[in-house]
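Paired with subunit B in one complex and with subunit C in the other, subunit A is shared by the two complexes that follow.
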Partner chain A sequence: MSRVRTWLPGLLLVAPSIVAIGVFVYGMLGWNFRLAMTDKHDEVSEGRFVGLENFISLWDQPRWHISVNHAIMFTIAFVLGALVLGWFLAFLMEKGIRGEGTFRAIYLFPMAVSFVATGIVWRWLMNSGMEERAVGFNRLFDAIGLPQWQWFRDPDWGMAAMALPAIWQMSGYVMALFLAGFRGVPEELREAARVDGCTEWGVYRHVVLPLLRPVTLSALIILGHISLKVFDLIVAVSGKQIITDVPAVFMWVAVFDSHDPAKGATIASYIVLSVAVFVIPYLIWSVRRERRS
Partner chain B sequence: MTAVAAGRRRASTGVRIGVLVVFVVVFLIPIYVLLVTSFKPLTEADPGQAWNLPRTWTVEAWRVAWEKLAPGLWNSVLLAVPGSLLSCALGSMNGYVLSKWRFPGADLLFTLFLFGMFIPYQGVMIPLVQLLVGLNELTGLQFYGAIPGLVLAHVVYGIPICTLIFRNYYVTIPDELIEASRVDGAGMLRTYWSVVLPVSGPAIAVVIIWQFTSLWNDFLFAVFLTGPQSWPATVMLNNIAGAQATPYSQQMAAAILASVPTMLIYVLLGRFFMRGLMAGALKG
Partner chain C sequence: MRSRWTAAAAAVMAGVLSLSACGGGGDQAAQPSPGGGDAKKQVEVFSWWTGPGEADGLQAMRKIFEQQNPSYTFFDAAVAGGSGDKAKALLQSKLQADTPPDTFQGHAGAELQGYIKAGDLEELNSLYDELKLKDVFPPQLIEQISVQGKIYSVPVNIHRSNVLWFNPAVLEEAGVAGAPKTLEEFVAALEKVKAKGKIPLSVGSEWTVTHLLESVLLGSLGTDAYNALFKPGADWNSPQVTRALEQFKTILSYAGDPQDDWQPAAKQVADGEAAFNIMGDWAYGYFHNPPEGGLGKQSKTDFDWAPAPGTEGTYLWLSDSFTLPKGAKNRDGALAWLKVAASKEGQDAFNPKKGSIPARKDADQSLYTDYLADALKDWSGDKLAGSIQHGVAVNQPWLAAVNEAVGLFMGTKDVPALQKALAEAAQANAQ
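Let's turn to the complex of A and B:
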């Protein structure tokens, strides 16, 4: 009884948050899944339970295939691009360099600005106007003798171009993560490896790189989950065009333009599932790791 | 160290700085474009001069952009200030309990909270709209389509990250301090108020910056949950820029205006901004 008295006040203090998370996160995810399993294809009908019908029939729609393919291409380009660039910048700075604080601040600042605001300038930079009408990168490339591009309007590689602003925005963050990782490697470990006759590259390969694995995993998870739900960047750069469609934009169209709640909920469910399959194992892993240490 | 080795090391440092400077230039290109274009008059808006500095500098675009964007900026203030303060209060209490006044199952609960940090908001969007519409009917107040509903959404979905930041910070307070307070007969709230809260400064700063930035920059919740009267700056900016007739100079001036508050926070409080980011990576 006295033990209950010691922890009960704490539980009471957290109770409002427990209720809020229960209702707004888990309750609404469940609500959304249930809606996705009904035939409520307009605003007024009741909606009967139809099981997984919507989840299957979505794959009959060409637009869904397009948006899934786009999401995959965007994710590959963005995650790889931000990871490699972020790692590279951290690698250049890891041993300490004059003016490091300034470099870090400049690489990080795009994170402070919204996708909507930067989307405006990137839409201009990646304008597909050619020849005399060229602005942005195309005008610049023309001036220095590089070929002009269609950028995000390219039917094949457009989504890779769309990843450029996202890489610009997030690679500074990845740099900061890796820099923290590099600095977390004890100097004694490196020294010991050198004494054992390792070359600088050997030290990096056998001592530093393995210790960077947790940081790399964190960065992958964060970038991946941003990528799968990407929305405001796409809207700000290209609007609701099919040529740059992704599931999150398709969902917006389903809800507001087609007025089809069940379809919107189905798309939303797929986005949730795609994030959950790798975030849940990651969370379990990282909580276990913390408990061990 | 031999002279050759020292020379090689100096050369490699030079190369590294050189590469870093090149990337600085690349990173600043969008900022250059934003600034330069925003000061151009309409007559210089032709593609041929796209990358040049303005020949005549004018703040005309800024004036128009300010006129168009001002209501949205004010809405964003009404959203971000109370929103981040409320998030801070909730996160602080949760973090305190989950690190220093634990109850059975606290670990499991914390993990369940954390998942909320990663859920794509699309997955709760439609039910959230329905719930807020229901609240409107039930209370007769404006939740859906107005700022209060948007604040509610941000505060609730901000609970996971705010709790995480405060919990990771409070873990570093020695348990003996809490024990001593208990021995002196202080209860949970008393201990929180006179022992924990006074040393919470850095965590409060991190959470306020983090939440202020994400509330200010949010677009998805705003576009689903607000109406024209309560559009925050991001939605209004998107609409201004989406209109074909709006000249580039005005679009870019408006984009800068909408970014001033978060940029200021970044410049003035960059260190705390950084800590908030690291907390987001699940590192203490």
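Let's turn to the complex of A and C:
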């Protein structure tokens, strides 16, 4: 009886959220996968079970290849860019600068802005107009004699440009993560390394960086899953255009323009699976680590 | 613990969002709540008219509606967003949840087919008979919006899609005598402008290129062959279509850097940076209106217009229309609104403000000046063809497939692939 009294209030407290998450997250995920395995290609038909047919036929569509390639290029540019820039900012902070609190706030602030607001500003900054029609960065580049660029309209590297606003938005957050990591490295370890004759670079190379591995991994997971399901930023910058198509935008088009629920659900399933590829190994790894310690 | 607070916060947010979604315009706050025991019954009118011009037109119609129907209140459920992108997504979720607005705006023609197939719309033939609308709307219009003899919407205005906008000064500088009449003349004119270092043809985002494609198809194929493309069994693989698409490719090769949307592209013409732009006649309002909503330009001197090359004598039309969804809470109120939308008085109040012409043939011609006078004259005499991009000729999935094909084509410039994709889109979605 007394044992019931200890766990029952807690359970009652979390029960609504367990039910809500069960229904609205996992239930909906399951429903989505089921829909993706039917031939419900318009809103009125019933939809028969067709197995993995939709998952396979999606690869016949040129647009799907484009959106997957775009997502990969965006992810590489965004994750690398935010990691390197975030790490570098944290490194500078860690070296000790005056007014650190102010800088921290300034660098962290972009995270408080929504992707849509960021996108609307960067749409202007990354305007593809050149020469006398240039605005935003191209005007600036022209003034200081740098070559102008088509930004996200560049057929080859446009998605790397599209990652710039995302890097701008998230690198402050990565900085905060790394700064916490840096601060977590005990001073004694560094001292010990210096006594052993390590150079300052060697201290970072052999002591600090290995200890930052868990932080790096967390940052990678957070950036990776944001990147694979990016939607609002793309729509705010360029709308629903093929030149900047990503799976999430393609899904919107499939559901609301093509009126093809099964196709939309298939794309959504691929997005969830691609995120799962990142997240599940991480979860397994962190559970194991917790058990070990 | 935290997830519980998150869930609670999410529930509150969802509540706030749904409230604001129902709220519509800011002036609605003082109105009675829906379904309340108030003496006045509410009519929820769903549209995407929130911009300058279009919102003024809606207000003008609303005034007439409220005068004629003192027992109803008008509930403006407009959702912002150009060409109804966001509005259509919200509408779809409302229809699927069986909570339709009392009446909603849609492009007349094939765009409504999805709603019709899903059984969301009531047919309006009896309303057409009651108001004798078949006598006042052009017979070709009635034919193009009928689905198996049934009509599901009331068109309140007509827009023209095949308009060539040009800058007379830039043309003169390049030695182009006037608006080109055929696609061959058009290409020659583009070449001359290019030699002068100006942008020959301005384009916006990808949908404006689909818009360009429909005018080129019409100009190359002619009206009858163009209209035949949207009938069952149409031949999209014909050599005539190949030729039209080759011409499209040539014309597109003279296009400047794509702009963000149609307005910046049109502005390039108004500013004398570009010579030509093919856009619907809503561009007239943008060119002509005073600086708050438009560019404040002088017609005929700063900008001029002509039918898109090769399409003279044909009105490539599109129309905003209102519908009667099944299960509307206030069906009588919706019918009262449709009667205002169909009336001469309603259309003459709405259209001069919105910058379009009425669908009725008996409109008060003195209200329509400058470009609109030209448009009204052409509308009464021209042959009709339905717009692709604006939902007349093709249904929504078909249009999505066309837009995809055009978007891919802009990257590849591969005419056979474009034709194949267009043919497949037609085969998969033909009605």
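For this structure, a couple of remarks:
One rule holds for everything that comes next: the second predicted complex is superposed on the first by the 279 of 293 C-alpha atoms of A that agree within 3 Å, B and C clash if a C-alpha of one lies under 4 Å from a C-alpha of the other, contacts with A are read in each partner's own complex, and residues count from 1 in each chain.
Operating definition for what follows: a contact is a pair of C-beta atoms (placed from the backbone, for glycine too) under 8 Å apart; a residue touches a chain by one contact, two chains touch by 3 or more.
Owing to the predicted nature of the structure, the values given are computational and were not obtained by experimental measurement.
Of the two partner chains, subunit B is the only one that A:Ala268 touches; subunit C does not reach it. In the superposition on chain A, A:Pro155 makes contact with subunit C only, not with subunit B.
With both structures placed on the common chain, the touch criterion links A:Val279 to subunit B but leaves subunit C unconnected. Legend: residue contacts after superposition of the two complexes on their common chain; A:Leu108 is shown touching subunit B, with no touch to subunit C. In the superposition on chain A, contact is made by A:Gly239 with both subunit B and subunit C.
Once the two complexes are laid over each other on the shared chain, residue contacts for A:Asp257 go to subunit C alone; subunit B is not touched. In the superposition on chain A, contact of A:Val207 is made with neither subunit B nor subunit C. By the touch criterion defined above, A:Glu43 lies against subunit C but remains apart from subunit B after alignment on the C-alpha atoms of chain A.
Comparing subunit C and subunit B on the residues of subunit A they touch gives the larger count to B. Judged by the touch definition given at the top, the superposed model places A:Met73 against neither subunit B nor subunit C.
With the contact threshold set out at the top, residues 13-14, 16-17, 20-21, 123, 129, 133, 239 of subunit A are in contact with subunit B in one structure and with subunit C in the other. Subunit C makes touch with subunit A in their complex at residues 1, 3-4, 6-7, 88-89, 92, 96, 114, 117-119, 205-206, 257-258, 260-261, 273, 396-397, 399-401, 403-404, 407-408, 410-411. Across the interface of their complex, subunit B is touched by residues 7-11, 13-14, 16-18, 20-21, 24-29, 31-32, 35, 89, 92-93, 97-99, 103, 105-118, 120-125, 129, 132-136, 139-140, 143, 168, 172-173, 176-177, 180, 218-219, 221-222, 225, 228-229, 231-232, 235-236, 239, 247-248, 251-252, 255, 261, 264-265, 267-269, 271-272, 275, 279-280, 283-284, 286-287, 291 of subunit A. Of all residues in subunit A, those touching subunit C in their complex are 13-14, 16-17, 20-21, 42-44, 62-63, 66, 123, 127-130, 133, 150, 153, 155, 238-239, 241-243, 245, 253, 256-260.
Against subunit A, in their complex, subunit B makes its touches with residues 13, 16-17, 19-20, 23-24, 27-30, 33-34, 37, 47-48, 50-51, 90, 93-94, 96-98, 101-104, 107, 109-116, 118-128, 131, 153, 156-157, 159-160, 163, 187-189, 213, 216-220, 223, 234, 237-238, 241-242, 248, 251-252, 254-256, 258-259, 262-263, 265-266, 270, 273-274, 277-278, 280-283.
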